[in-house]
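Some structures are shown below for you to check.
You will see two complexes here that share chain A, one where it goes with chain B and one where it goes with chain C.
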Partner chain A sequence: MVELLYQPSLRSKLGVLLASARMRLITISRYRGQLALDLVMPIVFAAMPILLGRATGGAAAADNFLRNTGTANYVAYMLIGSSAFTIVTYAFWHTGYWVRWEQETGTLEAIYLAPTNKLWLVAGVALYSMLRSLISATAAYLIGSAIFHVNPFQGELLIAVAFVVSGLVPLLGVSFLFGALILKLKQANALVNLMQWGVTLLMGVFFPVAVFPPMARVLAWLFPPTWMVNGVRSALLGVGFFFGRWYRDMAVLWAFMLIAPLLGAWVFARVERNIRRNAGMGEY
Partner chain B sequence: METEIRLSHLSKTYSPRQRKGLFKSEVRTVQALKDVSLEIHPGEIFGLLGPNGAGKTTLIKCLTTLLLPSAGDAWVHGYHIVKEENLVRSSVGCMLMGERGLYWKLTGIENLEFFAALYHIPPADRRRRAREIINLLELQDLADRTVETYSSGQKMKLAFGKALINDAPVLILDEPTNTLDVPSARELRAVVRQLNGQGKTVLYTTHIMSEAETLCDRVAIIDQGEVIAMDTVEELKASMGREQVTQVEGVISSQASQAVEALPGVSRVAISAVNGTTRLTVVAENTRALLPRLIETLTAHEAVVQHIAPQEVTLEDVFVAKTGRTLAQDTRVIGHG
Partner chain C sequence: MASTSLSSTRTLHGFAATWSAFWAMVRKEFAIMTRYPVEFIASFAQVFLIVAVFSLAGLTFADENGRLGQGPASGVVIYGFVLFLFLSDTLWSIGYNIRLEQKQGTLEQLYLSPASKFASLVSRVTTILVWTGLLCLTSAWLMTTFLGKLPLANPGLGLYILIMSLAGTFGVGFALAALTLRIKEAGQTLANGLQFLFLILCANFFPFSALPAGILAVSRCIPLAYAVDAFRSTLMGYPPGFPELAPIGVEIVIVTAFGILMPALGFWAYRRAERRARMTGSLSEY
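What follows is the complex of A and B.
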């Protein structure tokens, strides 16, 4: 028997992850207009409720908002919400949609021929998505703050960053679950669109989770990005952590960090095996 | 004898949903592979022949771990396709879906480097290996252009190059000369021979009989999920025994075809459409003796014969003799002899 030339190692698996992220970055660099739109989207998304607030609330808008949310700075509140939403929606579009993208380009079977656990590839896509969305969300937050005259560097900045970073990992797990759903249903657009609105509601992009009916509030608490966005708002604007102290909310996010990726990876692997048992990966 | 690829009673059953209108559907069972057993030896070029839908691609997808078999076992390079799937994938270089297996927004070299990473090739070796392949396939002028700017044939060549990236001992090539022009197809076959000369085992599927005849050491003919014949090209042709083949082209009705089939000495008749005319492939024991009666029968049934000639036996004739059909896509069965 001829010896195989290349054996997988942890280093080569990390190489797969980096190659996957690099490949996406190269691809998006060839669509330059898309990168410009990345910056505009969160600002436009936040501008609508901000301007609506000014139009309908008038001078009392800030006071009303303070009574419901714990901060009068509704402009920064919306900007943080829409920037966090950018991170979440990119995770769905890039990581969850990854399977569908590969199916549509016809490369899914080609990568399934390779001796690589697909989770390394998806992790590469997630890394790309996180880089792109973090840059885009941060830039949009800064530009939006300049446009609407708010101070972007108020409050506990480091704690806010910690909440964003800790929120990214469970988000990856939720994206795996979403990817498995797309792999099973073989339809993505309607699902992503629906999810986007669901996510906007659940994570409280424009309003606090506290105003939800009880059942919806429980659902929102089961969704990791809700904790991420509330953590950032509490750190920067002082709206109040769910469990009073920042480290208690952070502990919940860390629990999600352990559970969500494992659950997502397990479901993804099961769906993948089920598909290989029947029609195969290339069929869509 | 040592085997590089071994299939033992391999079967694959699908359960696709058949649409019965806008909202109605029913699950149907399709047996794509039926109890297939075969062995391919190290250093062999093994051809897998059959019409579209015969089960060739299903067999290849099982061997390359894209599909799980419903029953039976198979080993590639000594590794079991279900229990050792990653070792199987490392042992195989595969060209399966042609030009669609490439990233069109990346350049040729970026594509090869990306796939090199998926096969765990160290970063330092990726570019070197990609350049080797670019040079082997004479794609130097295209290497730094995005794939979207390639012609269909150039994309096929690069897809073939992708199959070589991990320098695997086994090459599985599914219709690799599809969409290539004649000189490019010849060049690609020459590269396959060259790689085979370096010790690689090649499993090559095609529906082009002449390609299999010139390239393959042994051939398996597959039809409706079953291997119906397997041997060297010479032995397969010799298996026709005293049977010979006559091809008739023209305007020929189905009644005329059936009348030909009923002639004494005719064992099988296959009908296909070629360039707007009908072609009958007639398998019979003594073609020369049959010829006058054949013409007489066709004329009696108002057929307009444009061309009639006895043929050298080809692999396609072997297929016709075994199944009563040609390999062309639009064939239909009219006789079972």
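What follows is the complex of A and C.
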């Protein structure tokens, strides 16, 4: 085990975190087309089921939707789902993919030679990912609401915000787990694409998870973003919390907040250690 | 001039030589594909997941009997999705592969070989198209289990429209590859953006009647929208209200013209961009 020759202060650790996030924010600011796509994609993604529902349901679309989900506001329901999808996808692509990205660009070994804890670097990546996804998801929700003529500020707005913020930390833990899987299997693009749609299905981006058979429903409940999405929808649209009251669902999310990052960091560190002992991190 | 001397030896002439080069490249692409089994399986599973997500989303609008309201919903969604799978392959794969060769530093070597450049471009997509064909069959079967029985009228004409649509999108793919040589990394962002834009403008997952009048007017200017409309209307046996954009005769003429003219136009644009890149020395610059 390699020990650092000096113990960096908290201030310098925070400096690493902020520098890591800032560097990525500067880089993405050079890709304005990509930033525009960030806003457009969640709206287009939500537009597909919305337009399908309008076309097939006709005048009864809202009534049918109310019977099946608990709200007649299918536009806001889909927009919340696609915005949450953006947050989860970004966490996977940025944080989960981080090591792989550094491997591909040939900078990973150099990073491992730097006298800093990798955790602070990854925390910087996570901060960047969260900032970018939160801005994109919020803007897409607001713009999408304006395009489809629905009121975005309805229901318990503060509770909805609390669910989003609380959901980000366990999501970070899940993305660490995913990063470990990428390190192990290497074929990152395919895995990220697959996981992206896997979690879309699991967290009920466009439908309530109640439609799943019991086993799949349990799997969905073990995935923290499911609680985040349902919490936001229940707070804004009144579709109903899993445990009846918002604070009970929030308690589950807080439990995930404690468990998921620790589990994710532990699994990631184990996989990383094994790889360093064998072929090394530079091999991909 | 360097480009003139290169152009005199740039291809091995004749159909046999072009076919041989094309076949060798397809085999090479297939060999690479089989070396990544996770990717192979993941792409298959991904289609299943996409189908499940959109089918379950559609079912949230089902009536109390579990039926999806008005119109032939299953045909619209399934055939739209099938065409989307094919189109997204042909649209962005060519440009993506050019970019990949640039990143790997092998594009210049490829251009030093006297093999057909056209064969090189098309071979990148051929293997993917075969795989997508298999995916389409599976996804169509999967979707029918969610959304109901699939109508299958006029399969011959449907196949013709599919081939013409693919030929047309090959042309758009060539043009996007040309753009990739010019604008580099931004080309991929543009291809992604176009893919999303086409999803709405070409109404792959819903009928055109769902689009607001302003967007529908834009759709009417895109040949690909007529391809989607003609393809699914033909396979559904022209139910009332279909095709939605124009009479089927007009749509077939548009799709045929798109399938014949666009590849020529796209390849011409690609050769121009390639010649420019070779003369300015930016072929491998990225």
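Please note the rule applied: the second predicted complex is superposed on the first by the 277 of 284 C-alpha atoms of A that agree within 3 Å, B and C clash if a C-alpha of one lies under 4 Å from a C-alpha of the other, contacts with A are read in each partner's own complex, and residues count from 1 in each chain.
Definition applied: a contact is a pair of C-beta atoms (placed from the backbone, for glycine too) under 8 Å apart; a residue touches a chain by one contact, two chains touch by 3 or more.
Quick caveat: nothing in here was measured; it's all calculated off a predicted structure.
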| item | value |
| --- | --- |
| Chain C versus chain B on the shared chain A, clash or fit after superposition | fit |
| Partner chain in contact with A:Ile259 - chain B first, chain C second, else both or neither | neither |
| First, second, both or neither for A:Val44, with chain B first and chain C second | second |
| First, second, both or neither for A:Val16, with chain B first and chain C second | first |
| Partner chain(s) touched by A:Glu109 [first = chain B, second = chain C, both, neither] | first |
| First, second, both or neither for A:Val205, with chain B first and chain C second | second |
| Which superposed partner A:Leu194 touches (first chain B, second chain C, both, neither) | second |
| First, second, both or neither for A:Gly58, with chain B first and chain C second | second |
| From chain A, separation angle of chain B and chain C (C-alpha centres, steps of 10 degrees) | 80 |
| Distance in angstrom between the closest Cα atoms of chain C and chain B, superposition on A | 7 |
| Chain A partner contacts - residues on chain B that touch it in the complex | 14-16, 61, 64-68, 77-78, 86-87, 89-92, 94, 96-97, 100-106, 110, 113-115, 117-123, 146, 162, 166-169, 199 |
| Chain A residues within the chain C interface of the complex | 31, 33-34, 36-37, 40-41, 44, 47-49, 51-58, 60-61, 64-65, 67-69, 74, 78, 185, 187, 189-191, 193-194, 197-198, 200-201, 205-208, 211 |
| Contact footprint of chain A on chain C as seen in their complex | 36, 38-39, 42-43, 45-46, 49-50, 52-54, 56-64, 68-71, 73, 76-77, 185-186, 189-190, 192-193, 196-197, 199-200, 203, 205-207, 209-211 |
| Residues on chain A engaged by chain B in the complex (per definition of touch) | 1-2, 4-9, 12-13, 15-16, 18-20, 23, 26-27, 30, 105-107, 109-116, 121, 273, 276-282 |
